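Each of the next two complexes has chain A plus one other chain: chain B in the first, chain C in the second.
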Partner chain A sequence: MERLSRVLFLSEDGFKIFLEQLVSSKNVIAPVETDGCFEFKTIKRAGEASLNYSNTRLPPKRFFLPQREVVFKHDPKKGTLHEPLGGFEMVLLGVRPCDASALSILDSILLKPPNPDPFYESRRRSITVVSLSCAKPGEECFCNVFEAGPVRGSGEDITLTRITGGLLVEVRSSRGQALVDVFKNLFEKAGAEHLEEYGELSSRLTREMNSRIGIARERLVRLEETLDEGFFQKEAQRCVECSLCSFTCPVCYCFDTEDYLEKNIYMRAKGWDTCASPLFTRMASGLDPRASRVEMFCHRFCHKLSRIPLAFNSYGCVGCGRCVSLCPAGVDIREVLKRWG
Partner chain B sequence: MSRAEEELRSIAGRLLEKKEVELVVGYEHHGRSVRPCFVSKPEEANRLVWNADCWFNLARYLRSLRDRRVGIVAKGCDGKTIVELLKENQLDRGSIVVIAVECNGVFKPFKYGLNRAERRLADYCRRCVTRVSPIADYVVKSDGQASQRENSVADGDASDWLSLFRKCLKCMACVKACPLCYCTECSIEGFKPDLVHRLRVPQELFTFHLTRALHMAGRCVECGACESACPVEIPLTRLYHELNEWFKENYGYAPGRSVNEAPPPLVFKEGWKG
Partner chain C sequence: MGLNPYAPKPARIVGIKDETPDTKTFTLSPNVFEGFTPGQFAMLTVYGVGEAPFSICSSPFDKDFLQFSIRRMGRVTRMVHEASVGDEVGVRGPYGRGWPVDTMNGRDILIVGGGIGLAPLRSLVLHLLEEREKYGEIAVCYGARTPSLLMYRDELAEWAGRGVKLYLTVDVGEEGWKGNVGVVTTILGEPELDRATAIVCTCGPPVMIRFVLRRLVELGFSKENIYASLESRMRCGIGKCGHCHFGGKHVCLDGPVFQYDEMTGLPKGISPF
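Let's turn to the complex of A and B:
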């Protein structure tokens, strides 16, 4: 992917035309403001997109991993088996770098041979991700810790960065190249002054981040062995097992399946599950390998910071700060990072 | 530090020092807001804070601390929750020390995606008239101004419940943040009875929320924990408020007023009018 990197410039007016033409020719999903809160929605007019957001409340994960999807339908009378592979062509515009980086983590997990997830794969192939660099880091953001932002992520097809007079466009993949080619005449070659400004912006934003946590991989991956029971015991006491952390996480991908019968057709659905729910590990026999609250609580951190890095070579967290900000009980992954980082 | 905070800390410190309680559940600073904290040493009592960000209902933790002597910092609604839990035999009054703090209402919590959250009184606080917990061992008077309150439904249209429920992620945060939702086998989450699928099916969200609403009718103390925890901002407390109003009209009963007031479903007799 890296070798395709190409830097272009798009003027403010050019961006307006780009948006209008994009919306009229493709399915476009972009952040839309409702009640002061932003969410990704299909837009029909360029004006509907609001691009002055900090980040969307919910990550764009659901376009790649829907909360619930049917994985097969079996009709016993006809003897047919149908696997509805999802995904149709669309452009996901205005993804923040952290959320885009989450996609590259999901890629390394869900597309790992020999058994890639066909549902995720087909969606990933048909959706073009256009990221928009942050203009101002949020209060709870710590993407700098995992190098997942604030200017450039790792899973997007095109990176847009606002600079004076327009946007710097970085083409990151062949999918991104294909999209840029459609609107070829709008883009100009980026000049040295643009690149210089980009460099300055990048270092300024990183400096402005609230979190300064240095992490060391060799220490974090051993988190499980070095669990300070006292610390986790104390933190787990706070947790109310509400599962908001995993439902709003751009990386959490654990799922549950469910079989059921509808109008004489057998179906199997898969959908989001969460390790914060006691039902996650309870087996039919009643046995529960992670019965205590502390074990359940530690699991989330160990999975993200130790098991995913060991198995897939990238952390399971991008530092978007959703779990920190939305947790009703104030559980804070940054404290775990500070202690074991 | 406000005078109320100072008084709160000294009461908590004293209780811990005299070993009257093993633990004080309160709030502490966290980032730009506050979060629940558990203080077990007298010298740690100065971590406690009390301000308009303290929206979480701390009574949520009391059931899991039943085997210990606990002090709790209680707003009006936390106190009402304790009353309800006592009525339902979930707590032992002898093992809880209630430090009631006078409440002028809490703000809508800071939430992700809002760069500058508006500091506005939460809707449910605008309906509430309880300033001090109905059950108290110590009372800490507030030194703030009493906020503007109105005993009415707040602005904004919530009549279209169907479209509001459609936003629901079925993350169960409303259930888990609620101090009165304590069933060990949740009828919505569990497999017996199989009321709704475990995964989120859009058509079933109405069943989910109405089941919960009926379980909360005449019990909900309208502390707003569900609404504040909700990631998609469904104004759940308004729904439960409407059901509570119905209870009040028909049975003259409101939850959380007094431990001696029995809930109508327990004492209902044929032809009974409240």
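Let's turn to the complex of A and C:
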């Protein structure tokens, strides 16, 4: 087993108290079941959290990268308005490891010097991410391919894993430590039997997932060079350009900006955009360097599977399976991976 | 919060000059940049309307103002064209990698422009002329579709007077045009330069760049000394928004100026090849 930074044990009863005390003292966002779907919502009572879920329908990305946010205000008389960023403090509880891993990829891209995104940075600093290991990966899940789960992610502050009699608690960051410190009398030292069970669970789940889909990841990076135009023909023909794949992706981060006038203040908002949109690269002149859907797919998949890994040593996909289950045209990145790898 | 990279700094339009029927050069003051390299670009904001990337066309030696030559093309450029002297706009930058000015000392320099593509090259020419003695021959091959679409027409003669060998051409002549007629590739062989070591900088429409690059290699210019400025849709200018991301390169960070061999690795569409 990998070296853990700090491992604790939380009994079933201790977890109940932890949840109750957490919601009474902090702004807590957790999966809530509504109409058969699990979505991250603010909870006021511990009982509102539904923690028996495969994954939430939407990733928690929007808490770090809102669909739309104002990034600039300019008053024609007073000049640029400098408003302090803040008020983002919250605990995001029950994030799946794949979605937590997506955050570490976003960190490497959006916090990259010399121009880190201050809006993302401020939220990332203020939100404590508590992940909950998967006990039963969903049908479309393939986090194993990118080592983004199923038990442990790479971007969370605390990893919770259900084991006999309670939860194993891995403290992964100083933010996680600060949260644990608040409730320190609830946690016990993890015993050897806890670690052993954790280790067995981790290897069993990974083994099971590997038997469903296994890809030689190191091959993905280099295969871009050998791609021909026909490689994405099937995907390109099926695609209806709805962009659901990237809007529900926990990693996709591209954005557009919009300038407008509101109550005599000039505003600039930034909001989600996607390379799957046919207008994404078109210039005012009408020239479009990436005009075809085949080229779009090539860009989308190569970006995730070879360019991000080459630049940041981690994949731009975490295998959450949302794009697979939500695509109305049945485009399946796992098929691409199998064909590719 | 750290510096907000999405917030432009305010500057006033202090001069507007008509260059061609659809292009004007705007002079902005104060110069909100501490310095820049010729070939770098800025994001220009028309408050409440939008923001778009433009090459800086003034000289880095001009500390008091910045200039941008802007062709009326889309929503933002239309509003820029409707602006008047005294109006306030927003500027942020400078962004990207400019022309390789550090490699130019003692060498011949060939500058090849097409249409409004001369804008980022004007910044380079003005930069070179500031310390003319540091360089070998400086040749400018410049073409436009018609004589009235030639940019900076009143300045070109002045450049020639300060030590630039000027070669002009137009695709289609007009009454009174006595110069060369033909695309810019037809005049690339005219300047007498040390082709093995000369630095070449080009900017223009993508199709022009493609044929210029091909012709330069035929003429014996060295690929490692050939640079082109490419264009792309952009939103942030700092490598975050994804719009100018092609083949692992961000035009806003890795470009807009690319070396010949870097361009061969770009995907079809953005690559001039």
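FYI, the second predicted complex is superposed on the first by the 320 of 341 C-alpha atoms of A that agree within 3 Å, B and C clash if a C-alpha of one lies under 4 Å from a C-alpha of the other, contacts with A are read in each partner's own complex, and residues count from 1 in each chain.
As a convention for this text, a contact is a pair of C-beta atoms (placed from the backbone, for glycine too) under 8 Å apart; a residue touches a chain by one contact, two chains touch by 3 or more.
Since we're looking at a predicted model, the values are computed, not measured.
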| item | value |
| --- | --- |
| Chain B versus chain C as contact partner of A:242, first or second or both or neither | first |
| First (chain B), second (chain C), both or neither touched by A:197 | neither |
| First (chain B), second (chain C), both or neither touched by A:311 | second |
| Which of chain B and chain C A:291 touches, first, second, both or neither | second |
| First, second, both or neither for A:260, with chain B first and chain C second | both |
| Which of chain B and chain C A:115 touches, first, second, both or neither | second |
| Contacts of A:188 with chain B and chain C, given as first, second, both or neither | neither |
| Which of chain B and chain C A:36 touches, first, second, both or neither | first |
| Residues of chain A contacting chain B in one complex and chain C in the other | 256, 258, 260, 270 |
| List of chain A residues in touch with chain C within their complex | 71-72, 74, 76, 79-80, 82, 84-85, 109-110, 112, 115-118, 121-122, 253-261, 266-268, 270, 273, 275, 280-285, 287-291, 295, 298-299, 302-303, 306-307, 310-311 |
| Residue numbers on chain A that touch chain B, as the complex places them | 35-38, 53-58, 67-68, 136, 138-140, 234, 237-238, 240-244, 247-248, 256, 258, 260, 269-272, 274, 277, 279, 321-322, 324-326, 328-330, 332 |
| Residue ranges of chain B in contact with chain A within the complex | 30-38, 56, 60-61, 110-115, 118, 169, 171-173, 175-177, 189-190, 197-201, 225, 228-229, 231-233 |
| Chain C - residues contacting chain A, complex | 1-8, 10, 45-52, 73-77, 88, 90, 206, 231-233, 235-236, 238-243, 245-248, 267-270 |
